[in-house]
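The chains carry the letters A, B, C and D, assigned in the order they are written, with residues numbered from 1 in each.
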Amino acid sequence: MKVTVIVTLKPTVLDPQGNAIQRNLETAGISGVTDVRQGKYFEVEVSDAVGASERRVLIERLARDVLTNPVIESYRIEWE
Amino acid sequence: MKVTVIVTLKPTVLDPQGNAIQRNLETAGISGVTDVRQGKYFEVEVSDAVGASERRVLIERLARDVLTNPVIESYRIEWE
Amino acid sequence: MKFGVVVFPGVNCDRDCRDAVTAVTGQPVEFIWHQETSVEGFDALVLPGGFSYGDYLRPGAIARFSPVMAAIGAFARRGGLVIGICNGFQMLTEAGLLPGALLKNAGTKYVCRYLHLRAESSETPFTCAMEKGRLLHMPIGHGDGNYQADRETLGRLEDADRIAFRYVDGDGRATAEANPNGSVSNIAGIVNEGRNVMGMMPHPDRSFDRILGSEDGRLVFQSMIGALSRV
Amino acid sequence: MNAVITDAELEQHGVTRDEYARIVGILGREPNRTELGIFSVMWSEHCSYKSSRVHLRRLPTEGPAVLQGPGENAGIIDIGDGLAVAFKIESHNHPSYIEPFQGAATGVGGILRDIFTMGARPIAAMNSLRFGPLHGDLGGPNRRILEGVVGGIAHYGNCFGVPTVGGEVGFAECYSQNPLVNAFALGVFEKDRIFFGKAAGVGNPVIYVGAKTGRDGIHGATMASAGFGEDAGAKRPNVQIGDPFMEKLLLEACLDAMEKGLVVGIQDMGAAGLTCSSCEMGARAGTGITLELDAVPQRESGMTPYEIMLSESQERMLLVASASRADALFDVFRKWGLDAAQVGEVTGDGLLRVRLSGESVAEVPNGPLADEAPLYERPAVPPSKPRIDGWLPLYSFLDGAPGSTYESFREADANPGAADYDALMLRAVASPNLASRRWIWEQYDHMVQSSTVVGPGSDAAVVRIKGTGKALAMVLDGPSVHVARNPREGARKAVAEACRNLVCSGARPVAATNCLNFGNPEHPEVMWQFGEVVDGLAEACSVFGTPITGGNVSFYNETFREDIYPTPVLGLVGLIEDLSLVTTASFRDEGDAVVLIEPGSRVEHIDLEEERALQNLLATLIRDGLIRSAHDLSEGGLAVAAAESCFSTLHRRPVGARLHVPSRLEVCRDLFGEFPTRVLVSTRQPGALIERAARAGLLGHRLGAVGGQRLVLEYEGVRAVDLDIADLERVWADALPGALNGRPLFD
């Protein structure tokens, strides 16, 4: 089964990457974009041998403990 | 207005970061995950002064020409 | 013969490239600011290493939109010599002047070390001062040097003798252990179809003086001078 | 604008009642909250050095080469040819515990700004790190901290484009919840082009350039002035994110503007941000500054004056320009794609005036704010019993090693005849404090700028100065267990060892910087340690003629009330007059003779005069071309120094050596024991060398020769160690990556 985890910087945390992209869009001929924030997108494949409730726990732990740096990031899980 | 762009590696392209995460899952005590692929997640804020149709063109161009390297990646836009 | 070193915000090997070209060729070298729209008057261009625009988004991705890139493209189409080193290689692939892409290293970490390269072709303006199979000692320093291309592109590179360098061990074998970043087929450098544009991850600009550990990098710039004086 | 300040607020700000009374005295009235905030950061331990200043005065700070001592962003020395060198070390311990990657990254960013603020282009960086053990209960968290810290240093330095050429890493239990991250940077410039943080010229515009101000890091300086307890998590919103690309733009733009003569005064916004930079610049020039907060570029909406003044957002600079040339300055910033804004003006009345929407929100005199911080002579009492048992400093590398390694050495030391020295040798080179650091420094770009002559891995790093035949050698050194056992003696040893490292590389030591990492200054034992260390440093630096041109103090390194070891980290800079003198630790050719140079008696205590004799001897031997390689003996003693000299280099595969170890004490101590003032050299003229040593009052033992594929150490006719050198090197090289993967070689 496939699950998606989205990790984004907390709103008040500076995003140098997003800033640099936004600030240089004019040179790429794109104007009107006032803000860009960059996050991470994970597609996670879980073995079907793992039961449904176990899976929830597993993905929660993966998202919270491995994929996210809780000091600066937060996460969201999209179950399909 | 806020638009989300998701950029993922094409399925045939190998993903060093996803692989590294997956390799380290066992040490983190997480088993049952058979694959992890890492992509990028962009939250883009477009000025309200930009009209709706213009906005579509703008975001398409941003996603296709800037945020994605077509040799290895593909993108998806989520209009809200 | 005038060399131009193109300066993008965030590159950090611009001075190294200038110093290396000056030391090896004795020819005049000038910096070209990324906002320039013309590269008129230059005989060869160097796209240096570093972190243009922080390498945020993807290495070389934002630099591709700088005004000077259009001029560089036209220069290349006219047959001008363009060498991209490290971040410069990444810019050339992003700009479509070289095929393939440079992904994050297989180990995901930045790697800075000396290693061995094998010159795979002496039929390019960047390698003509080396015999085919020649081993070179040169450093790398990158986090995204994992060269990847689809099967068809690879076939074309192989068939047309367009692979300039491969990572090898001290005995000249292109083994998996000798590959520092996971590049397909141990590729460290390639040329375009016209053979006048080369991208390479290792740094000839850091190996032009024995005191730095090696002077094998000189051969690359000597090749360029040789090729330029022949036309 | 007055508000009643409560006791709770004072406590929150770390301001005592007495300090508050002093503030009221200076202002002649009660402060408002913004003013209290301003005083609290400027008078925090981190910014004001209120507990350390009385001691720091005892450090030697002057010498013929010193152009700028402590008091500015960095110290400056003269290296001839019209060139000067700025260098400094700074700690980022607390932020690195909270967020290892960003904490270490922003530490690197801060020290680089200190260097280029003065007009120097950074040409080298180093770092000194301390972590808890990678094995055992806290092994997992400690490994993650190490990986994060190293990744952060690499991220920032690599992108900025400064080669990270060296450093040191140590492990001990006391750093488990309190890692140390000390970052050093060094830059070069023309000696008549030094810039200072002075707000000169009444009417001149005050200009802000760089990243926008956000709510990050508010009260970072106060945070670095308190220990960690249960509430470490609550301090997390303070985390700052580094933007090395922005910093690279600032570097190029600032140097460009200075070159064009557009800068009157300049200072980075580091700890205490806008507050510190504006009031210090005013205080140095004896002027006032008016700030219009509406003009300050802001990342978030609705920021209060308090937040704007105290924000520690990274990658920001404050400049004073002459009124007539401000436009040209803005042009430079525009070229580099940087946001800049005039945020104020220099005034003649000595006041820091802060205004928002036309209204005054704070008004404080610059001078007293910057210079009249309270000064404490805190109680200092020696501890009733030493924390470290006397045995450990003999084999200091065992601190933080797995229990079994520790025990094997303890047994061998007690019963030397029965031990297996091959096994001990393998354990020694695999121990955390001795294992190869390659896994770490390969992540650092140590070659950018094409000037690295000797990179990480030798005794000192060597960077050439382009355009001259000269080079600079530099080293960081902080032997913590020795200092923990005996602070004064340990500090003397640290200076001696750092200088010895420089001399081994062909340099003459010129000047020093230091970072003093200590526990809670309110603990009398900690203040005693501090005073002792300062005296040890002062004495040794005077003997070696290396004045201290600056540094940093980091107190409150404690977690759950446990203080760390007193950990002074010395940064020494030396000059190599000619590139031909550059010497490394590695043996070169088969057949070269190997000689150990040491004083007549082998004791733990260091004699600084003997040390000076050794260093003078070595310097002249190198100058006269007698030395092929030179390696200082430190952790792991003779056996480990010999192994390190054999390991592979850029230019050759590993090479063996067959050495006879002179018998002085007993075998374990003679092989692995750590005694000061010793170097291992290789030479083609052993006879002449030994004779010259004797004339200098030192012993030169001819131990044997370089050659073969095995390292053989004979002791009293027995082969104590006999190992294939490639095998030994593999164990040494694999130990750290193995431990980081949770697969240590020995447990």
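One rule holds for everything that comes next: a residue touches a chain if its C-beta (ideal position, glycine included) is under 8 Å from a C-beta of that chain, and two chains touch if they have at least 3 such contacts.
If you're wondering where the values come from, they're calculated on a predicted model, not measured in any experiment.
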Interface with more contacting C-beta pairs, comparing A-C to A-D: A-D
Cα-centroid distance, chain A relative to chain C, in whole angstrom: 34
Chain A and chain D, separation of their C-alpha mean positions in angstrom: 36
For chain B paired with chain C, centre-to-centre distance based on mean C-alpha positions, whole Å: 29
Euclidean distance of C-alpha centroids - chain A vs chain B, Å: 9
Contacts with 2+ other chains: residues of chain D: 243, 245-246, 337
Touching two or more other chains - residue numbers and ranges from chain A: 16, 20-21, 24, 28-29, 38
Interface hub residues of chain C, defined as touching at least two other chains: 53-54, 56-57, 62, 65
Touching chain combinations (by label order): A-B, A-C, A-D, B-C, C-D
Chain A residues touching chain D - in the complex, by the definition given at the top: 12-16, 19-20, 23-24, 69, 71-72
List of chain B residues in touch with chain A within their complex: 6-8, 18, 21, 24-25, 28, 30, 32-47, 49-50, 54-55, 58, 61-62, 65-67
Complex contacts: residues of chain A adjacent to chain C: 16-17, 20-21, 24, 27-29, 38
Touching residues (chain side chain C, partner chain A) in the complex: 53-54, 56-57, 62, 65-67
Residue numbers on chain D that touch chain C, as the complex places them: 151, 154, 158-161, 243-246, 248-249, 336-337, 441-453, 464, 466, 579, 582, 650-651
